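So that you can tell them apart, the chains are marked A, B, C, D and E in the order they are listed, and the count of residues begins at 1 in each.
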Amino acid sequence: MYKRPFFWIVLAVIAAFVLVPGISGDVGLRESLLLGAVYIVLASNLNLMIGYTGYVNFGNIAFFGLGGYIGMYLVTALHWSVWLASAVAGASVSLFALLLGLGILRLRGAYFALATIGINEAVKAAVSNFSPFGGASGMYLSFSSFAPLGGPRHALWIIYFAIVVLMGASLLLSLAIKNSKFGLGLFAIREDEDAAIVLGVRAPWYKSAIFALSAFLPAMVGTLYFFKNGVILPEQAFDLTLSIEAIVMLMLGGQGTIFGAAFGAFVYEQFRGFLLVSPLFSQFQLVVAGILLLAIVLFLPGGFMGWVYRKLPRLRKVLE
Amino acid sequence: MLRMSAMAVTLTCAVLLAAPFAQAKTLTIGFTTSETGKLNADSKPQLLGFELWRDQVNTAGGIKVGSKHYKVALKYYDDQSSAGRVQQLYSRLILQDNADFLFSPYSSGLTATAAVVSEQFGKIMITTGAAEGKTYRLGNKHLFQLYTPADKYLKSALDVIKAKSPKAKIALIYSNDGFSSAVAKGALANAKRMGLHVVFDESYASDTTDFGPIINKIVASGANVLIGGGHYADGSTLARQLHDKKVNLHFISLLVAPDIPKFANLGEAALGVTVPSQWEHSVGYKPDFGVAPSAFTKAFEAKYGNQPGYHAAGGYAAGLVLQHAIEKAGSIKTAAVTKALNGMNAMTFYGRVHFATGAGDHGLQIGHDMVLAQWQKGANNKLVSQVVWPASAQTAPILYPLKTFAH
Amino acid sequence: MYDLVASLASGVLVGAIYGLAAIGLSLIFGVMKVINLTHGAMIALGMFALYFFVSVLGFNPYVSLLPIVAGGFVVGVMVYWIAVNRVIGSSDLMSLLATFAMNMIIIGVGTALWTTSPYNVDFSLPGISWHGYTIPGTQIVAAALAIVIAGLLYVFLYHTRTGKAVRAVASNRQAAELMGIPTRRILAIAFGLGIAVAGAAGALIATLFPFTILSGGSYELKSFVVTVLGGLGNPAGALAGGILLGLIEGGVAPFVDVSWTPVIEFSLFVLILIAFPAGLFRIGKNH
Amino acid sequence: MSQSILQLENVESGYGEVQVLWGVSLSVHAHYLTTVVGANGAGKTTTLRAAIGSNKVWAGRVVFEDDDVTALSAHDKARRGLVLVPEGRQLFADMSVEENLEMGAFSPRARTHYRKNLERVFGFFPRLAERRQQKAGTFSGGEQQMLAVGRGLMADPKVLIIDELSLGLSPLLTQQLFATLRELKQAGLTILLVEQNVHLALALSDYAYVLTEGRVGIEGPAHEVAQNPDVRKAYLGM
Amino acid sequence: MSELLKVSEVGKNFGGVRAVHAVSFHIDEGEIFGLIGPNGAGKTTLFNLINGVIRPDAGRIVFRGQDITGLPPYRVVRLGLARTHQIVKPLNDMTVLDNVTVGACFGAANLALKAARPAAREVLKLVNLDNRADQLAGELNIAGKKRLEIARAVAARPALLLLDETLAGLNPTEVTHMIAVVRRLRDEYGIAILMIEHLMQVIMDLSDRILVLNFGEMLAEGPPAEIANNTAVIEAYLGDPDLAHKILGTA
């Protein structure tokens, strides 16, 4: 993998995410980059489903939320370390996705998309009533939970670096899958599932496997993110709007491309952040974002990378 | 990357340039407010309260610290009713906008999220509209809660029931959200302690619009008083449907919703509904410092053209309490102001303010009491909100039991 | 026992409204295979339109339905030409995102205009009372009107030339074009109709409950459930699906905490989708 | 020779980026039955779709009744009387026989002759009259083809274009449909036909074009084409 | 020669319509077996039944001694039974090479990605597509896509290859080339072939035996010469040369 130029680009991005705020110590920049990194994780793992396999998962945020819940439970109720909690959350949500996938991945197109919306809502409603998870009032983290990481101030830096590492892991996972036999099978499913099956791709298993994989890192990041927030509540964890926004990020950058997913997520975060604090647009940020999205869908359906590839086809080999 | 670091440099320069001016004469208070999203209705009045206070302070020449006078500037962003960017925005308020003090967002969930940042930087945050007690039990040192904690919300309603019909069958129904369930949990414990009879206890999804099924269950339970509710949207819908479905109840007390003046738009459905309120414009508190309740109400009406509810008063009071503590400390240093706040036990237009100082619940409000307000018919049949409980704050006698429907 | 009967009765009445709300979604999906994510926003616009006609202009709420349906149709046709026409025939994702973008725009403008705080149309009618349970008159009229509107839509689709053309386009767009049917215009009409019905549903809901600009969202989710119960793209099934959903809500209420209702609803939704992708009311038909 | 009513002039067309037609020219004369034959993939269906407007014409012209109609949409052409009975029937499966026929007569021009045309269709296909209310999707292949032709006739076509009339039909049904086709021709209707059953098509046609690789290879009066040894060899395998 | 595929009494109905009924035949190793019949006779359905796209209502299919009735296609191809589609199914947004690599990776060959690429290039040479290897499959013309369809199936290293109207739509030069390819597949690679084809001359030349289907049922089976002279076949498949005159006579 290290032979591919893109591998080094990913490493450079990780280094920049670590070094720029790390050296300057700029917490504001860190917060903005952190959200960017979380979005990159969401978008690039969603890309495994939409861009690689051709299945539109509208409820992708359920993985993030469930991961957050499981992790926060392990930290607050069982006093596990946040790292172990995060790993266990990732693994258990992946397992959940695997089982779920064997059921709902029989559906195609709009039916699958609808089912994923339903699952997100069902999980959200169930968690709201599930008292070990605090039900509707969620779970609050005591400040003492930050103590093992050197207090809140220090902890937030460490969590940030950890999320950046998971961001890097997401990008490298995407790259590894793209250049593997597994990835080739997924692309075949995306292009024509029936043809892929006839060519020998064991589609039901492949789809479930990628569904489970695409759940792993978002669930891990979910734990870290809500740990950092100090609070987890159902409506924050299973926010359908964020789920759809993740698709928007992917479209913005160009589905199917790793760089596109990351670029779209980062730009979208910056853009929304800018609208939010800009006195001119703050009242109409939703409208402006909507118009932008509509323009992309109508006039630039390949997203940013689609446009780049058309203008500079040679970049296909570099920016994967 | 290059561009990003360039951006960072520019921002840093801007901050450095702006800093001396900010220090000279202006005190910046930062917070987020829900300009969009579902908390907007509850969050907006709070913002109006902040702004009224700011205007009054500045007109009066600012906050007096020793010999210096500080003008107040409010800096706020939209949190979209969601925690997603709250930490980013509070970091920005602290680091880029150089906020000296902070107010909380609306709601306990957002406040706890913001507190992780404010505590991290050791910034004082006066919370208003964040009633849940557990927010203040996380090991925080710089949070100060203005509201009576959630578990005491329905205490006055239970007092009324105990006094008027101790044998009443109580239905406790509440929105399945953090604040409302905390209120309900507290109420249930209180009712038990007081020997009252809760016959029905159930939550509903917070985005419920059709209360038909749960109302039928209330009827089936034989309950004759109802307490509970949630926020404005569900509470007003519940009140409307209780009326539409002609449920015969002696007494209704709902959280939050009936305190918003728009509640009167429900017309007949609003009549007789009570609300546990942090504050009512008609209360007769004699403040140790700052405006009197009537003066606040008059100023608010003059500026915004409608009566203030308790969210608005809470906003104003947050500013007032902060101002008082700064003036008393004679400093804007966190340690000094914290000390002043820790020592505060005073009556304001908003009621008593006294913060817990123990390690386990630092900043929890322990001095403030709720009142119970009721929508009644006033002159020319217009609905007005009257304080009906406790007797000391009463502006009108309570309507109890309510008019029954003929079936 | 009385409470179960009462719950089922209110369930049927509310269910008819759910059904009406879902018809618009189902019609649009049936004709052009687009899952219209502006649906919730359009329901909310219907609510605010009713508020405008009744509380501002002083119209009778039921009379207001006429201009609301007409206005909804115009808005729908406009949205079709702006956002949907270009993505017809491309992937599901494109139409989902195009309509979601429109949804963001409408909700954004709506929030700026009306904030997200609730509005109430103060209107009531004498109801029917029975053993302490009361069904408000507004609910009965709303359910009746929902069925009437659904019936009118049926008459339009099955007994008018344009309506049949809508069905022809739904059945086989290419063949319809070959028969001289201007299919794009028909698609725009169908979209307009879907929105008009959604608006009407919103208006009827506004006579029952207070609402905010975001209220449409939960009806949109319910509409998904209903369309899956009734068969995606099957408007007649949608009404039946709505009533079924209402019955489920009413039927489970006496036995479990109502806060569990959404869990039951959405789990059922997913299970039915997996077991019968064409919907419950399509079982036994050849498709 | 009668007047030419529809001409394709050097039409090029295809799908996506794949070109199928490389300059097809043909003309359809009034009251003639004109047949296009050729191997699968030679571009027969694409030729019809380009003529009708379902496929974009990349280059060349389509002229109908002396008007250049190249850029018109399919429904506009249908309204002018250029009507295609598509391959695979393409009925409105959820709609009744009568509704299918009614949709055939959607254009304002056809609507004025609705009654007359309906009687004519029922005259040709009495089975359709018997089953007016039945849903088209429940029909057998032969009945569906009858309905497809009937629906095309309801559009009151000036040129009726039929793609693969006998595809997948039994010899008996094929025979019946061709008999009807002959009656239509005798009634003066102008027909453009693509048909796999080359024997039958050529026997019935006035004029024939043989398409090879998106170009017109051979053309001429049908009986001459039928005798052309190249055609026999290439498409009849004998 | 040993028996490779045995189809016994296979049947399938679609909503009451008999698509395939009681079809039985067998194919020996290294054999080229022709399947002909009018459009709609059930030829493609029979292919779908054999490779598992559709589950038969009746009958049994045995391949290399193993019962494969109802096995999903990805298992069937792994056992060495590959197919092409009448309506080609290129993986449009992938390169030509990747398309064929999919075949090599997941078919009976089941190669690792590294080994699959050179194998795929070799197959591309066989069908004369090696100069298009890095082009997107969607950009090929019909003839190119047909060749790609075959290359993908061949890359799976099957023992039996089902070809569904591979020659349709090709020009005479391409047809000649394709015939050579099919011959080489049998002679050099030892792949048995079951082919649906409309070009009578070709199928008569290539096939060892021919099966004729009509309305889902077997009409005839035998060596080409026998089939060519079977009047029932001529009538059903080529159309009765006298039929036209009969019709003209009826008027």
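As a convention for this text, contacts are C-beta pairs under 8 Å (C-beta built on N, C-alpha and C of every residue); 3 or more make two chains touch, one makes a residue touch a chain.
A quick note: this is a predicted structure, and the numbers were derived from the prediction, not measured.
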item: Chain labels contacting chain B and also chain C; value: A
item: Shared chain contacts [chain A and chain C, defined touch]; value: B
item: Reference chain A; chain at largest CA-centroid distance; value: D
item: Gap in Å, rounded to a whole number, between the CA centres of chain E and chain C; value: 49
item: Centre-of-Cα separation between chain D and chain A, whole angstrom; value: 53
item: Between chain B and chain E, centroid-to-centroid distance (C-alpha), Å; value: 75
item: For chain D paired with chain E, centre-to-centre distance based on mean C-alpha positions, whole Å; value: 30
item: Of all residues in chain D, the ones touching two or more other chains; value: none
item: Touching two or more other chains - residues of chain C; value: 108, 111, 257, 259, 262, 286
item: Residue list for chain A, restricted to those that touch at least two other chains; value: 125, 128-129, 136, 283, 285-286
item: Listing of all chain pairs that touch each other, if any do; value: A-B, A-C, A-E, B-C, C-D, D-E
item: Complex interface listing, chain E residues touching chain A; value: 51, 53, 72-74, 77-78, 82-83, 85, 89-94, 98, 101-103, 105-108, 110, 112-113, 116, 152-153, 156
item: Residue ranges of chain D in contact with chain C within the complex; value: 52, 54, 73-76, 78-79, 83-84, 86, 90-95, 99, 102-104, 106-107, 110, 137-138, 151, 155
item: Chain D partner contacts - residues on chain E that touch it in the complex; value: 17, 38-41, 138-142, 165, 168-171, 198-201, 204, 215, 235-236, 238-241, 243-248, 250-251
item: Chain A to chain C touching residues, read off their complex; value: 50, 56, 58, 103-104, 106-107, 109-111, 113-115, 117-119, 121-122, 125-126, 128-129, 136, 244, 247-248, 251, 255, 283-291, 293-294, 297-298, 301
item: Residue ranges of chain B in contact with chain A within the complex; value: 1, 4-5, 8, 11-12, 35-36, 77-78, 80, 82-89, 91-92, 95-96, 109, 112-113, 115-116, 119-121, 132, 134-135, 137-140, 175-182, 203, 205-206
